[in-house]
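Structures follow.
Next, two complexes with chain A in common: one pairs it with chain B, the other with chain C.
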Partner chain A sequence: MLTLFSFFRLWLLPACVLLWSGMAAAADYVVIVSARSPVTALRAEQVAAIFLAQTGYFPGGEEAVALDLPVGSPLRDAFYYKVAARSPALMKAYWTKMVFTGRGQPPRELPSSAAVRRMVADNPAMIAYIDRSALDASVKAIQVTP
Partner chain B sequence: MNTRQETVRARWLRRGLDTHVSLPLFALLLLVAIWVVTFHEIDAEREHAQEAATDSLHEMLGTYEAQVARSLDGIDQTLRMLKYAVERKGALGALPELGREGLLPPGVLFVVSIVDRNGMTVASNPKAVPISVADQHYFRFHAERDTGATYVSPATRDAANSEWHLHFTRRLDDDSGNFAGIVIVEADPAYFTSSYERSRLGERGTLGLVGADGIVRALRTGDKMSFGQRLDAGIGKYSGMRELHGIGLNVLIGLDETELMAGFERQRNEKMWEAAILSGALLVFTGLLWLWSWQGARHRAHMRRAQETYAAASAASLDAFFVMREMRNVAGGIVDFKIVDANVRAEKMTGFSKDKLCSKTLCGLMPQARENGMLEHLVEVMRVGGVHEQEWQSNVPQLRAKWLHQQVVAVEGGLVAIVRDISERKLAEESMLHLAHHDTLTGLPNRSLISDRLDLTIAQAQRSGGSVLVAFIDLDGFKLVNDGLGHNAGDELLKVVAERMAGCLRACDTVGRFGGDEFVLLLTEPGSAVDAAPVLERVREAVLQSISLCGQEVQVSCSIGVAVYPSDGGDAETLLMNADAAMYRAKEKGKNNCQFYTREMNASIEEKLVLLEGLRSALDEGQFRLVYQPKVDLHSGRVFGVEALVRWDHPEHGVIGPDRFIPLAEESGMIVALGEWILRSACAQNKAWQNAGLQPLCVSVNVSPRQFEEARLVERVQQALDDSGLAPQWLELEVTEGVIMRDLQQAVAKMAQVRAMGVSLSIDDFGTGYSSLSALKSFPISTLKIDKSFVRDLGRSSGDEAIASSIIGLAHRLRLRVIAEGVETEQQRSFLRENGCDEMQGYLFSRPLPPQQLAALLRAPTVRAA
Partner chain C sequence: MNANFSPLRAAMAAVTVLSCCAALAGEAVDGDLPRLAVGGFGTLGVVHSSDEQSDFTASTLMPGGAGYSRRWSPAVDSRLGVQLGMNMGSRWSAVLQLVSERTLNNGYAPMVEWAYVQHRLTPDLSLRVGRIALPLFLTGDYRKAGYALPWVRPPVELYSAIPLSSSDGVDASYRWHLGDVHNVTQALVGRTDLSLMPGASAQARRLAGVSNTTTAGALTVRASALTAELSVDVARSLFDGLRQFGAQGQALVERYELSARRASVVSLGFSFDPGQWFAMGEIGRMKTHSYLGDKTTGYLSTGYRHGDLAPYLVYSFSHADTQTRVPGLELAGLPPQQAAAGAALNAGLNQLLAAVARQHSVSAGVRWDFCPNYALKLQAGRYTPQEGSTGTFINVQPGFRSGRPITVLSAALDFVF
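Presenting the complex of A and B:
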């Protein structure tokens, strides 16, 4: 909670976002890559850079392709809140500009954590977040350090 | 006139060239230039800013158009893809199929929906509640016609999506070509304005989409989003709109003018400030420079005025000005002076023009300056400083003046010499000095010069051991010539005598006139004083030569008194005094002789001084008394009168005769008071005798020259008679010839007055003076008295006898009585009686007697018979 509070202080998030975060805190996501991927740990901003289409590569130089869960899923909102410190509205504004100006497209959306896990498992370039409960050996959770 | 105009023009030109005039003009020009350039630059900037704004607008419009076109193209592609998928897989299978392939647009931005022919949404991504859109405009639009194109609806809201959205729709057809529903891509209007960037569009820029129908699909102005309205306001100055073909949309970009021009405005302000500061600095700088130059100009004008004033003053000055600059040698010593300026007087004095003078040095002009001390003096002045004045006699031929007065003032690096020609003044001084030291009449040295010379001569003699003779010369009988022939004759006589005396002298001797008829000789004699005696003798004889004055031969003599240095005195004063005393002795010795000073002379002078002193108090103290000498009728032997004679009973010296003190009384003026006393006493005594019963006598009183000339004589005589009560016929006044002859007319008038009173008059000492016989007849006198000098030798000198008898004869013919005085012998009485003389007085009959004895004598009958 202390971390959340400090985020609030840092980003001046509206009260509703705070309220929503409190609720979303129940959803526990995990960032995953293919089990075949050499990546084991990334810093939060490195993860954010890939998910916000600011880079197409892992820090090691391998190609990186992000996958998203559908809009409105609590896990998605929690992820972006945590990794990119952006609310859904801010994420929408971000992508609006990125897409309109042609600088990037949001990650492909898959309907569920399981679908995501399956796709990641097959593709070593991919990176995504899934519900911790959906985690299995086909993928590996990587450590996201702040 | 023409010249004057030119001068005016020249003056204006000079003023224009003056820095303090041209500087402000130049500064003004510079100021104008600054502002012209500034405004020009601002104009250029504005133009540039406007061009840049237009360019940037067009560029942004292009960019935005491309962005919008691409987005619309993407949306259109999605719609086509949907349509294709629906037509292939059916409404329900289409979206999952596309989703699998990853062909659906990102749900975060776009909502994709499929609507059946009844208007119900059958599928959407992201998932949404199914709603009916049958009454929506876009649905009806597609249901009614098949355009084959994408329709863009204005922003709407519905139950499925509560936010405002633009709906991009496309018609679905079934196999037979009938309306089968629509596919929708919904997008937030803000999506199309998301490329708004503050850095390019500013805070109040405008960006948006406007439908061909004029309804705004999406519009962002600054941070404000709007849509749905009609674009009513015309587009602004910096705005552009472009049509997107085939979709019925226009892109719009507007820029805010104030924002656009803000940079320019800032720049403009900066430039204005720069220009203002530059102008201010220029003004301040010019002002300071002007002040400085104006002060300089004023200073120069002041200097010029001072110089002009100096030039005018020096040109008009009577003095010559030489301005000189020092010239030094390598050792630093002054070796010469360079003339740098001179005035008109200096030109006149030197005879050189100013230019020529200024090209010369002092020693170049006057080479003598090195020898005669002039240069030395000037160098000294430079060393000491200050003002130095001196007068000097010029021996420099280059300066055309004999005497010069110079004033030298040391100034920095040189000196100013002010030289005045004082020759005339010196000449005047010399002549004044000559006048002061010489007698104007004879041209001989006067008393003061003689004294100086005597001092000098004495000093010389003291050194060389010689002797000096001081001879005091007084002319005898000069007074007679002066009185008788007039002052002009007297002056002429003095001149001639002076010439003669000068002619007798040796080169080393001096003759001077002391005043009146007194002359002084200074004779220097290296040996004995006696050696100078011939000179004195020559002088005496030269004077004695007769002189022709006014057609008359006149002869005068001189009495000379000599005092000798060192025996008769050690200083000028004593010598002159002693010489004077010796001269008096010479006079006493019968004139026309020369006496050397002896010590006894001083004694007589001392005695004289003592008497003179006693005389002052003698009258008050009653030391005078009268004695009376009887006058006897030669025929009857009867005493008919007496002559009053004065005696002085001096308390120390005993009885003193009138011959000793009367001249002193004459000299001192005491004679007037003494004479009056005698007159009154004699009258009173005569009256007393008459009162005592003696037979009446006539009393004779001597009147001295001074007494006779005194204005109140007649008054005094009358007063004496009145006071004593004596009848006038018993008084007789005896007057000397000389007195009468001094001023004949006045004397005769005065005698007539006395005679009119009834008082008799007689002429005393007849025959000794220069009586004019012709005048004698007009004198109102009754008696002539024969002087005792003629009587003395009667019976021994035939000459005197002849004179006496002639006087007696003459008097009788003029009906005058004759009395002889000083008759001492019987022989004299006999001669006088035989020759018809009327009366006599003298020791033969009686010496002068005091009043009591005389009374006794008169009472004794025996005497009468004598």
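Presenting the complex of A and C:
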């Protein structure tokens, strides 16, 4: 039992962590706001609070509305692992809690990074994550600090 | 949940309300078409209890039926919930939630769990009118959506102490922030009717509650308080009998009968969930000024996440803050026939008080998220009712022995859609 446990500690856990970071590296996202938004940097906790419907505002007091990529998108999974330390199953459990108590609705989903970028460009209240390769001058990548 | 409540009629009424609001919203808000969202949750579960002299149940409003009634019972945790939500612009929304689960007198007939209309006055302040989830305890308002819980069910010592889950009335909730500390403060007033079994019902009148949920990073803390004028008429014949015994009988009626008594419950709970592991704990105190007793109950739980598996442990207890064994009527000097009747009443009263749970339990289990939107849970618990109490067990038979641990095995498949 002890050996099994040490095996688990020594090998499986790092393997799991590697897998996670591997996924994050494979899906390289940037967090964006409209080029017209005054926001330039946020802490991961502040980003998470907006995406988890705990607040409807940016720290400066402007209204904040989050957008999501579809469930199952690797970019989406990487984003939530990083900013909210939640796996897809934990995110689903979180929204089950929020939706079935009437406390909140998940962000609106759009089918692709390009569709997300177009919507964010038009609206200074919006915040989203997109594939780094989809970035252009209509939106602004913000810095997310730990 | 009312004895005279036709679920169909209530559903129709709620749908009418929904369409009225849709009409209203059409002219009031930015021209958005109403968005209808349908979702649901469910649990398929089986439970086995090692004690054949009682039934294990997760709620006193459900028969449970594992133990004495059946070796393996699906009725403890199985349920299906469907929720219709309608958003009309950004300010108005309405929700109808129907839940089908095994109740004491209605089989699996669906009940209207929630039906409310919500108006968002500002992004942070909203009002709701209708049948609303009670914000009691940490998981009180989503306890029926098993998928959202780390365990098969919330610890029974605390959660079966107050089986109410909704109230008909009004609430206001306000989101506020102190830096990165996010709060939701909720206040509600309402009433609720429950049918317990044919011919017995429970009413909560002048119900009022407040709760505050604080979230700061991985930590969530919820404090809540609820008070109501409670009436439960399950023991009417016992109290009618006691009334025949003059002043001493009347004194017992006044002490123990649950008729329009002010009952209150306060609770404080926390959850710390940084992702890789979690810890949760809660403590609650209830005062009923009646045979339901005054209790302090709580639990502590922790779990670890490894990939799709999340093993967990729970320790839970219920402590009675009032006497649960009383002398009752003084029978000395009464004529034999009256003394015999009095002795039967004393036994009945003590049987009622034995149900004030003195119990502790330890459970271990594992949740397996084997595919998106499904979770399989296996749980084993050892429940020990103590000091003559029958604990949280119901349908207790004469051969029941308090103080002996009872093993309860559960399997549950939770899903959301």
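As a working rule, the second predicted complex is superposed on the first by the 124 of 146 C-alpha atoms of A that agree within 3 Å, B and C clash if a C-alpha of one lies under 4 Å from a C-alpha of the other, contacts with A are read in each partner's own complex, and residues count from 1 in each chain.
Going forward, a residue touches a chain if its C-beta (ideal position, glycine included) is under 8 Å from a C-beta of that chain, and two chains touch if they have at least 3 such contacts.
Computed from a predicted structure; not experimentally measured.
> Examine A:Pro70 and indicate which partner it touches, taking first as chain B and second as chain C; both and neither are also allowed.
First partner only.
> According to the contact criterion defined above, which of chain B and chain C contacts more residues of chain A?
Comparing touch counts on chain A for chain B and chain C gives C.
> Of the partners chain B and chain C, which touch A:Ser113 in the superposed model: first, second, both, neither?
In the superposed model, A:Ser113 contacts neither chain B nor chain C.
> Figure out whether A:Ser34 sits in contact with chain B (first) or chain C (second), or with both, or with neither.
Neither chain B nor chain C is touched by A:Ser34.
> Touch test for A:Thr55: chain B only (first), chain C only (second), both, or neither?
In the superposed model, A:Thr55 contacts chain C only, not chain B.
> Quick one: is A:Thr101 in contact with chain B, with chain C, with both, or with neither? Answer first, second, both or neither.
It touches chain B and chain C both.
> Does chain B (first) or chain C (second) touch A:Lys92, or do both, or does neither?
The answer is both, since A:Lys92 touches chain B and chain C.
> Using the superposition described at the top, list the residues of chain A that contact chain B and also contact chain C.
71-72, 92-93, 96-97, 99-102, 105
> Could you list, by residue number, the parts of chain B that touch chain A in their complex?
Chain B reaches chain A through residues 67, 70-71, 99, 102, 104, 106-109, 126-127, 188, 190-192, 194-195.
> Please give the residue numbers of chain C that touch chain A in the complex, ascending.
Touch residues, chain C against chain A: 37, 39, 41, 81, 83, 85, 87, 95, 97, 114, 116, 118, 123-124, 128, 132-133, 141-142, 144-145, 147-148, 173, 175, 177, 180, 182, 184, 215, 217-218, 274-276, 305-308, 369, 372-373, 375, 416.
> Can you check the complex and tell me which residues of chain A touch chain B?
Against chain B, the touching part of chain A is residues 70-72, 91-93, 95-97, 99-102, 105-106, 108-109, 111.
> Along chain A, where are the residues that touch chain C in the complex?
Touching chain C from chain A are residues 8, 12-13, 16, 43, 45-46, 49, 54-57, 63, 71-72, 84-90, 92-94, 96-97, 99-103, 105.
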